[in-house]
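Once you scroll down, you'll see the structures, which are given as C-alpha cells.
Below, chain A partners chain B and then partners chain C, in two separate complexes.
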Partner chain A sequence: MPLPAPQPQVRVVTLKIDGQDVSAREDETIIEVARENRVPIPSLCYLEGLSVWGACRLCVVEIAGTDRLLAACSTRVTEGMQVITNSERLQRYRRTIVELLFAERNHVCSVCVSNGHCELQTLAQRCGVDHVKVPYRHARYEVDSSHDLFRLDHNRCVLCTRCVRVCDEIEGAHTWDVMGRGTDCRVITDLARPWGDSGSCTSCGKCVQVCPTGALVRHGTSVGEMTKDLKFLPYLSRRRHGQ
Partner chain B sequence: MSANDRVSVATAWLDGCSGCHMSFLDMDERLIALADKIDIVYSPLVDAKELPEQVDVGIIEGSVSSEEDLHKAQLLRKHCRLLISLGDCAVNGNVPAMRNQFKLDAVFDRAYRENVSFQPQRPTQGVPALLERVRPVHGVVAVDVFVPGCPPSADAIWYVLSELIEGRIPDPSQVTKFGA
Partner chain C sequence: MNLDELNEMAEGVRAADTGIAHEVRVCMAASCQSSGAGPVLDGLREAAPSTGCRVKGVGCMGLCSAGPLVAVAPMDGGEPVLYRDVKAEDAQAIACSIGTAPVERLRLPNDLPFFSRQQKIVLENSGVIDPNSFKGYIAVGGYSAMVQALTEMTPAEVLAEVTTSGLRGRGGGGYPTGLKWSTVAKMPAEQKFVICNADEGDPGAFMDRAILESDPHRVIEGMAIAAYAVGATRGYVYVRAEYPLAVERLKTAIRKAKRSGFLGAHICDTQFSFEVEVRLGAGAFVCGEETALMASIEGLRGQPRPRPPYPAEAGLWGHPTLINNVETFANIAPILLRGGEWFAGIGTERSKGTKVFALAGTIRNTGLIEVPMGTRLRDIIEVIGGGIPDGRAFKAVQTGGPSGGCLPAAHLDIPVDYDSLRELGTIMGSGGMIVMDETSSMVDVARYFMEFCMTESCGKCIPCRAGTQQMHDILKTIAKGRGTRADLALLEELCEVVQATSLCGLGQTAPNPVLSTLRHFRVEYEDKLAATSA
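Take a look at the complex of A and B:
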C-alpha cells in the first residue's frame, strides 16, 4: 500500500507519544515520528525506504478515543493525538504475534545461518519471548537452492514481503510475489518457478539484504555467518523517488 | 529451602547434547561460591541415584523425545517446587525436534536401515521407546522459568541461579535468547 505523495504545503501537528509532547509533519506516520523521538516501536514488515505493508501487526499502538489498535506504520499522525506504544496489553499481543511466527514454521536458531544477526530472534528477546506457549506445527517447508548465489528457505520466512517490495520498487525486477493462503502462503519467484530459472532476477541481492530472517541468504554461509547490510536502501530509495 | 538453609537443586538430562550441563560447569570458580549456597541432590553430575521427596529447584536440559524423558520430566515436576527449562532443546525442542517433520517410522528407517550396511534392525531392547513427536518440556509439564540458549552461557546460568537464591524470579531474556 504506497502512501499518497506528500502534499505541497505540509502542516505541523503536535501530539503525545507515551505522554511525551512531540511535533511532526502531518504527512508522517506514527512509527516515523516515534522513531525520530527515540521511542522504540517493534516492527518486522515495516522498512524505511519501502512502501508500507502493515501486515505483521507488531507495531500496533493504542490511541486515545478509539478501542481499535492501529498499526503505527500505516497510521498518520493528527493534531492532538495521544499514542500509547507500550502498554501491558500491547506487550502481550506482541509476544503472541512473535510466538505464532515461531510456531508456524521451523526456526532452529542454534543451527541457523542467521543466528545472532536475525531481526526475528532479536525481536523475540526484546519482547520477552523466552518460550512459545502454542504448540509448534512442525510442518515441512521447502528450501530452494537453485539460484547461483542465494538460497530461499521457507522454513524461516515470516511473509513480511520485504523481498517482494524491494525487488519491485527499488530494483524494478519484480521477481517476487506471494502465493497461497493461510499456512500454504509463500513467497514465489516468477510464476512459482525455481529461483535459479528466473528470467527476471538480476542477481542484485537486494532481497537477501532486506530479508529480516534466515529465509534469504547467500550460498556458502554456515551457522551464524549470514549478516545483512541495509545501508543501500535509504540512498537508493531517495534516488528512485526523486527526493 | 531445605533444612540447612541451602537451596536444594536437582538436574536432569533428557534429549540434549549435555552442553547445558557443560555450560553449568563452565561457571568455573563461581561453582565454589555456589557450593556454599546450593546442594545438588540429584544430577548426572553427582552420584545420588534417588530423587529426594522435596527439592527446591529442578533444572531440565533436553527435550522430551522418549518415554524415559517423559517420565523424568514428570518426576522432577512432582518433586521440585520450581522447575527450570534450561537450554533450547528443553525450551523449544531445538535440533531434536527437527525429526517432527517426519513420521517416526521414517526416522527409524533413516537411522537404522538406510544408512546401515551391517545387520540393519530397529533397536528394541535396553533403549527407551521414542515418542511420535518431540516436545519441549513445557509441552508435557508446567515450567516456571525458561532459559533459552544453545547452550545458555555460564553467565546466564549464574544470573538465573543467583536471582533464585536471592528469592527473586529471574528474567532470562535480559541475558540470553533462542540460539544464543
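Take a look at the complex of A and C:
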C-alpha cells in the first residue's frame, strides 16, 4: 500500500495507547508502536516485513476525536494521539469478524494438519470465540495438490494475501494473485493454472511459511504436524529494502 | 487567446446562423435513442425546409419517459415547442408546422411543472447544444470560464471562488470541493493529477451519463480549471465501459478541444498545459471508490486501500491527486463566470447550488431533473414527478442507491439537502431517486440492495465480504417468511459490525438500506417473522 514517502527528518512524538504514555517515530504505525510496547493488537493480514494490506480489520482501534475506527496497521501515529485498543465494543466486533471467517469456509480443526499451530485458532482463543453464532456456509472448495512439495487447500484460506505479498515482495516471483470478487475470491498461481504447472514458482516455500492457517502446507504432514517458521522474514525484508 | 478573442470567436459562430429562424432539436441521449430517436432525426433532416431551419441532435431534455423528445425552438429566443413520443412518421407533420401552428396531438405543454419547477445550472446546455459540436459549445459561451481563469485569475483566486461557492462533491460523500482543491494545491509535488469519476455504478442512476452525453465539453472545462487551480498537468476521466455513447462523445470532445488549442500544451497560448485521457472501467461498482479507481487506472486489481493517506496526499502512482465527480466538475464553469457568491445564494445554509436527480420507479414522469438544494421531497415527487400512476398510494422513496436508504410518506416535507437526509438515515448519494408505491415490500428492497453489495464486494476485507453474504442470507430467509427473532437480532448486529469495521465505503454503507428500512418500516420485518416464530 503506498503510504506517503517517509520524510527525511522524522520527528519523535508521544502518544497514549490504552492510557500508557509511549514515544514513537512519526513515520511508525500504531500497530508497530503498540507491539513494541507490548500492547497486543490482534491481526491476521498484517505481517512485519511485508507491505501493509489493511484487510482483516481485526486491528481496528478507537482514536479520540473521531467516530471512525481505524486500522492500526495502516494508521500513522501523531503527536498527542489517544488510542484505545481493547474496548468492549472492539472486542465484540473482533469476535464477530473471527466468527465470520470460521463460517465462511470449512475449518475442521480436528482433521487439519495445522491444528495447534494455526494463527486463526490462536486468534479465536484470544478473542474469546467459544462458539460461532453466524451460520456455517458449508460451501465446497477445492484442494490443489499438484505441486511436488506443497498443497493448497482453499477450504482453509482466509484471503489474507500474505502468500501473494511474500512471493512478490521478497521472493520476487509473483506466482500468486487473487481472482474473483466477493466470496468468490480465491488465491491463484500463475494465471489460475495448477500450482504444479507454474513456471514462475521457485518452490522456495515462503508462501507456505507465512500462511497463517492450514491453507498452504507441506505434503506429507498429518494432523497437527504442520508448523511454520517466520524467522526468515524480518531478516530478508531488511536485506530486500537495503537496510 | 484572451476573453475578448474568445467572445469574438463565439460571435463569429453565432453570426454564421443568421439565416436560421428555427432549430429542430432531437434528443439523441441514450434513452431517447433506444426508443427510436435515430430514425426521427433522419426523418426530420429529410422533411425539414432546406432554408431557415436547422435540424440537430442534442443531449438529454430530461423527460425520458416521454421520449423520443423533439423541440422546435425559434432562434430569436422565444419559447420552444416540445413534442413527446415522436415517431419517424411524425417528421413530416412537425416539419410542416415549423413557423406555423404546432402539432397539438404530440405537444407537451410548456408550463408543465416538470419543466417549470426545475432550475438548470449543470444541465443548462443539455438538450440545447449539439454535444458533438465544439463550435456549438463556444457559441453558448463555452470555455470562457477557463480562459478567464487562465488569463485573468491566479490559481489562488480560482480556489477562493470555488470555496466561496460552498460547492460540495456530488459523487456521494458531499465533501467540500474548495477544501479538497486547496489541499491538493498545497501539496508540494512536481507531478499532480486530476481525475473525473464517471464510474456511476449505482442502480437507477444516470445523471453522470446524461451530462457526458449532453455536454461533454463542460466537464472537460471544469477539469482544466481544477488542474490550473491545484497545479496539475495531467488528467483522467474514468468512465464505465457500459456507457459507450458517453465515451464516444467525450473522446470526440477531447479531440476537438485539443485540435483547437483548448487542451494540451500551452492552452490558449498561456503557460498552462493539461492533457486528458479517457480510461474505461470494466463494470465493477467498487471501482467508483476513489482508491480502487486509482488502482484500476494504474493497471492493478480494482481494490480499495486504507485511507489515510487520502488521494490528495498520495493518489495516482503516489502523487497528489484531485478526484471529483462529473457533476461536481460541471458546476465549475458557471461558478467562475457568475461568481461563488451567486452560487452560494442558491440552495440551503449548508448545501449550495442545485442537484441533478434521476427519477425512477413507480412515478409518472421518470427522467432527469435538476432542482435547487432544499427543494421539498414532496415537490419533487408529486409536482415534478407527477405523483404515483394508477391511483396507487406512495410508500417510500429510496435515495443514495446501495449506500442510502428509504424514507416513508411521513418525511416527504423535508428539504432535500445533505444534512436533512443524513439525519433521517439515508444519504443524498449521487442522485438516484427511486419511488415505490404501496405494493413494494421493504424487506425485498433491503434484500435487493444487499444482494447488490454482496455481488459487488471486492472481497478484500472480511466484514464486507462475508458479512454482506450472511446479511443477504438472513434477509432472504425473512423475506420468505421463515425468519426468527434471533435472525433479526443477528442481522442488526452484523449491520453494526460491517458498518463500523469495513475497509471502504461500500462495506461501511452496505447496511444502510437495511438500517433505514428497519427504522421506518420495522413492522414489515416483524410481520414477516410473526408467521413462523411466535
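Quick notes on this one:
The rule we apply is simple: the second predicted complex is superposed on the first by the 239 of 243 C-alpha atoms of A that agree within 3 Å, B and C clash if a C-alpha of one lies under 4 Å from a C-alpha of the other, contacts with A are read in each partner's own complex, and residues count from 1 in each chain.
In this section, a contact is a pair of C-beta atoms (placed from the backbone, for glycine too) under 8 Å apart; a residue touches a chain by one contact, two chains touch by 3 or more.
Since this is a predicted model, take the numbers as computed values, not measurements.
For the composite obtained by superposing both complexes on chain A, the positions of chain B and chain C are free of clash and fit together.
Once the two complexes are laid over each other on the shared chain, residue contacts for A:Asp184 go to chain C alone; chain B is not touched. Which of chain B and chain C touches more residues of chain A is settled by the count: it is C. Looking at the shared chain after the overlay, A:Val111 reaches chain B, while chain C stays out of its contact range. In the superposition on chain A, no contact is made by A:Leu152 with either chain B or chain C. When the shared chain is aligned, chain B and chain C each come close enough to touch A:Pro135. By the touch criterion stated above, A:Ile97 is placed in contact with chain C alone, chain B being left untouched. Seen from the Cα centre of chain A, chain B and chain C lie 110° apart once the structures are superposed, a value rounded to the nearest 10.
Looking at the shared chain after the overlay, A:Gln121 reaches chain B, while chain C stays out of its contact range.
Between chain B and chain C, the minimal CA-CA distance in the chain A superposition rounds to 10 Å. Residue overlap on chain A between its contacts with chain B in one complex and with chain C in the other: 133, 135.
Those residues of chain A whose C-beta lies close enough to touch chain B in the complex are 102, 106-112, 115-116, 121-122, 124-126, 128-133, 135-136, 138-140.
Chain A makes touch with chain C in their complex at residues 1-5, 52, 54-57, 60, 69, 71, 74-76, 92-93, 96-97, 100-101, 103-104, 133-135, 137, 158-159, 177-178, 180-185. Chain C contributes residues 284, 301, 305-306, 308-309, 313-314, 318, 454-463, 465-470, 473, 490, 493-494, 497, 500-503 to its touches with chain A in the complex. Residue ranges on chain B touching chain A, taken from their complex, read 85, 88, 91-95, 97-98, 100-101, 133, 136, 138-139, 143, 146-148, 150, 171-173, 176-180.
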